[in-house]
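Presented sequentially are two complexes of chain A, the first with chain B as partner and the second with chain C.
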Partner chain A sequence: MTSAAGNVKVLFSSLKSTYVATPMKLKIVNLYVFCTLCTAVIQVVFVALVGSFPFNGFLSGFLSGMGTIVQAVCLWMQVIPKNKEFKELSLERAFADFVLTNLVLHLIIMNFL
Partner chain B sequence: MDLIKSDFMLQLFEYRIAAAMIKKDLIASILEEKYQLLRSFQVLGIRREELITCSEVEAVLMSSTSVKDLFYASKCGETLLCSFQESALKTTVSRLLSSLDNTEALLDIHFSLGTLAFLKVQFPVALNDPVSIFQKIKVLSAEDGSWKYNPDDAGTSAKAAGTALETMGDLISLAGQAFDDAKIRYLKGVASKLFEFLEKYDDGTQFIDERPLDGLYGGGGPLAATSQVVKGVAVVASHTSGHIEVPAERVISVAKFFLTAGIHGSLLDMFHVLDGLGVLDKNRFLVPVILSVRPSVLSLSAKEVFKISTTTVLGSPVSATITLRKAVRANEKEPFLLNQVLESDETKGVHNLNDILNKLDIGSYDLTFKVKILEEGRYATEPITIRRVLVTGVASIPEVEVGVLDSDTGSTDYVKRWNPMSKEVVSLYATHLQKLYFGLDILSPRQEQFIPHQAFLKLKHETKVEHLFLLKPSGKKLELSLNLLGLVEKLNYLSGIYTIDLIVGDVAMENPVMWNLGTVELDLPEPPEGKVKLTSQAESPFKYGPRPEITHMFRPAEKRAPPTLSNTFLALTLVPLLGFLVGLKLLNTNMKNFPSSGLPVLAALLFHLGIGSILGLYALFWLKLNLFQTLKLLALLGTVLTVPGYYILSHLADASAPKVKSA
Partner chain C sequence: MAMAGRAIQVSSIIVILLGIASGSLSLPPDRSLHPRILVLVDDLTVKSSHSLFFASLADRGYRLEFKLTSDPSLALTSYGEYLFDGLILFAPAAEHFGGSVDIASILDFVDSGRDLILAADVGMSETLRTIANECGVEFDEDSNAVVIDHLNFAESETDTEHSLIAADTFVASSAILGEKGAEAPVLFQGIAHSVAPANDLVIKVLSASASAYSANPEVQLNGPPSLSGTSISLVSVLQARNNARVLISGSLSLFSNKFFVFPFKKFGSSTSFQRSGNQMFAEEISKWVFHERGHLKAVNVHHHKVGNLEEPSMYRITDHIEYSVEIYEWTGKTWKPYVADDVQVQFYMMSPYILKTLNHNGQGLYTTSFQVPDVYGVFQFKLDYNRLGYTTLAISKQIPVRPFRHNEYERFIPAAYPYYSSSFSMMFGFFLFGVVFLYHK
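Entry: the complex of A and B
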């Protein structure tokens, strides 16, 4: 047992050390994704408690969370240095895409709200 | 004139009444209308002196310059049998002759020749050039036998052809020697061909329809057109010897058309019908003969007899032998009488049908007659005629059987034979477990079983609520069986005393009955819970008064979360945002790349402000604006945003590019 627990501890610490090495930009994006996910989960819990009226309100909130998560993941994919595909496109261009798509998404979300 | 009235000639009675009624309204000031009234009275056999006198006619003939007035004046003179002197009318004649030379119009020629033909009866009149006049009329004809009124008319019509025939007939009477056989044959051909223009109604009558061209030259509808065609043929026939090929069946149909035309109070329509009938009554080509059966509703109790006559359209008798081919009861197949030659009273042309009277029972019969006229060439009749007659009589109902039966077993608890002769009434008692029974026989005058059209039983409660039931024939008896168990609901659970009335009637019954048979006391159970026992007062407001108002029921509002819970969760959703900021701090993020001076600062600030303003616009969109306004403003802000955005991002790209390149 102890060996298993010890193995888990070693696993965690190795993970942690590797993670520190990731670039700052990616860490920010990961954090963003995580927080947005929490927001969406809280909304789902609310609906489970109270019932789905008004349904479109729930949908717009939940889907906006999902939408930004997807966009953030796209940004993440474009920012990774090891990624060969997106070498031509600069980081700034990726960021601009992220901003633009976010704005469009939020327009639609507000309409639906 | 002792007219024998035919079935159709009932209408002539109406015309007579109409004619008598216009006694007071002789305001016809136009000569044409005066002539129409005169002619109508002539056909009906009424003498009216005050319409116009011969001296008035002469005055018109001497002084008028309109050929139309001259024509109608001469027609009035013809009807009144006036006579005039040549000396007075010499100028008129010469005026007419010169107008004939100058005109090409059919109606003008018609009026002129008509006047001259009338005047020729009084004194000799000679035409200048009859052949050219004939040519002038002929040139207006068309291939198919119809005619124009003027050389430049677009269409043709049969009515114009009728007018042309009448005109040419007048021409023959004025200058007969100019007409050789060829021309006569041509005229007769035109006359025969005209009958092909006849159109049919569903009831078998035929008529000449009016064409649009006729509307331009006086109109008058199908009555005027048919009457004009018949007149034209008659005038040609009267001035030529011999026979015009005219199909007998069509002449009969035209006669029926006139006899059954509906006159709706128009004196002009009446004139056309009477004019046409007057021509058909006496003419030289073919006179239609009408068979009539009188009376069409025969009453056995009044001991009436059938009188059958063959007459012309105006009622003059025509000798013929009539055979009753068969007499069939309506809706049956088997004739009960065959081939009976009717005995006739020769003096009046009336035939009797007495033999069948003792075989007739009440009801409708179809009688088929065959007519053979003694003078075949001049008269036309339908070979086989069918007439429907209704025989009425007194039916008798000897007794009515009234009973109360048990529902389940059918055994009679009470039965009574009610006699209409006696004064007593039945008084029954029944509960909902029983059945009421009514049965009766109806006998015709010949003691046969008779089923009437209407046989009802009426139950009327003391509160005046009525219920009607039909008595149905079973075998030859009329019966009604009321199962009270099933009727309880229909009677609205009303117990009490009901009066019983029997109502029987039929078109052939001269004595319809409504008898009060008595009363029945019904004992019905109480209505079940919730069902209101309607009295007659309660029923009527719902039937004839306003209904209760219907209020709309809105959908109930959805359940919403209590405000405290909602607010808690609102706060909870903001927590991850804070968590994001805290996390950023923990990660030791910095803003080192933010430009510090110069244009980049401005651009960066504008960029962030721009994004913020767009988000603010979205908030406004949610709160206040609609999509169109938002899109307009978004377009504006978006374009504004792209400038600094592009600038700052490219600036950052350039700033970091050397680093990448160097690395």
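Entry: the complex of A and C
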């Protein structure tokens, strides 16, 4: 038991130390994803309470959250220096992709609201 | 879109015309203000022995033509057109008719919307029995059986078998019997008939009392009689689905002068009547049979959105609409407004979504307004009016109902404000993230 607890403690401290070492950019992305997730969860709770009357409204709000999370994760994947797949892509190119896809997403959301 | 709208308009006009034609809203167009009635009799003494009845008809403007049933020149139609608007058969024993009249032609006469008065009596022929069967009425199989009532007969010296009955069990309808109804019992001496209870087109206008039965007075009864009690009908009327009216009476002498002015005393009661109710009964019921009362037409069906006056070709769900119809009753000479509180209209698609009672303005104009339900499809405005003694009104007008257009929905739904705010916050967050991501050190 104590060894298990001790292992968990070691795990957490190693995670924390690694995390502190990650670049600032990625921490920003993580924060963004976390905030978006919170917003989406609030909407789900609201639907559970009130019912799904303007269902397309709920969908547009929820899916905008999910869409931006997915795009943020993609951006993260493209920006990590260790990722060999996207080595040739520059940071600007990744960010430009991110912006374009976000524009399309928000256009769709506004139409669907 | 315009083509579809035009097609819907044309089809709605066709539906209206079909509705008018099938509902027989008006009398046959070739019926004049002085309708012609053919009276068929066995012998011409009937013309004088029933002269009061015929005089009352002639006074009301009918042109009567008396012919013997054996007359070889009898004809109801000539070159496809009907020569008469009504037929009175006061010939109970007629087996064959002369000329081109037979059972089929008489039934075609009724099928064309024209009216028939048929009087049977003791010794009625098979021909008349068949005609009555086709009209939903079954006479007693024994043609010598009369209606006998030992508790409700009229006291007279000549009648010892108690077959002269004073009947006062009338149908409760002021349309058929007139405003006042019958003030004295109606004298009846004749044969019994019965009406199938499942038949809702035939009405027993005058039924026998519970103590009546149908039997041959000269033959001893071996068992209970086949027809007895209130199931015996003395006078019945049929209003066919094309609104033709047929009166079937089991007694020819009910219409005779003798019974019209017969002072009598009913057995078991102390009141003695100076006059029987026969004359009033015969006149009122002949008015009903010849459509002088209780004949309705519904015209000028209009519907429109509240605020407009033109009739659109299509409605949208949750529209507020007004419906109006005019209903008139024929008085024998003119159409007068029909006044009733129970006319209803249905907004119908497989089942009535809305059922509203129409309000009338006293001049025959019935209106109501309601909101189209939240269902789209092809609806009908259905007016179904079936009242005892009145012609059936069955009018329907078709109208499609469309759902909301893209820009007709509610613009800002209060329940969706969290979603609006989250979407906009997402956009703002994306912008902020972009700035921070690009420009942080």
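Basically, the second predicted complex is superposed on the first by the 113 of 113 C-alpha atoms of A that agree within 3 Å, B and C clash if a C-alpha of one lies under 4 Å from a C-alpha of the other, contacts with A are read in each partner's own complex, and residues count from 1 in each chain.
Criterion: a residue touches a chain if its C-beta (ideal position, glycine included) is under 8 Å from a C-beta of that chain, and two chains touch if they have at least 3 such contacts.
Note that the coordinates shown come from a computational prediction; the quantities given were computed from them, not determined experimentally.
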For this session: For A:95, decide between first (touching chain B), second (touching chain C), both and neither.
Result: both
Problem set entry | Which superposed partner A:49 touches (first chain B, second chain C, both, neither) | first
Exercise. What is the contact status of A:24 with respect to chain B (first) and chain C (second): first, second, both, or neither?
Worked result: both
For this session: State whether A:58 touches chain B only (first), chain C only (second), both chains, or neither.
Result: second
For this session: State whether A:36 touches chain B only (first), chain C only (second), both chains, or neither.
Result: both
For this session: Once the structures are superposed on A, label A:113 by its partner contacts, choosing first (chain B), second (chain C), both or neither.
Result: both
Exercise. Does the superposition put A:78 against chain B (first), chain C (second), both, or neither?
Worked result: neither
Problem set entry | Intersection of the chain A residues that touch chain B with those that touch chain C | 24, 28, 32, 35-36, 39, 42-43, 46, 50, 53-54, 61, 95, 99, 106, 110, 113
Problem set entry | Residues of chain B defined as touching chain A within the complex | 558-561, 565-566, 569, 572-573, 575-577, 579-580, 583-584, 587, 589, 611, 614-615, 618-619, 621-622, 627, 630, 634, 638, 645, 649-650, 652-653, 656-657
Problem set entry | Complex contact set, residues of chain A against chain C | 24-25, 28-29, 32, 35-36, 39-40, 42-43, 46, 50, 53-54, 57-58, 60-61, 64-65, 68, 72, 95, 98-99, 102, 106, 109-110, 113
Seminar exercise, completed: Per the touch rule, the chain C residues reaching chain A in their complex are 413, 415-416, 418-420, 422-423, 425-427, 429-430, 433-434, 436-438, 440
Seminar exercise, completed: Residue positions on chain A within touch of chain B in the complex are 24, 27-28, 31-32, 34-36, 38-39, 42-43, 45-46, 49-51, 53-54, 61, 90-93, 95-96, 99, 103, 106-107, 110-111, 113
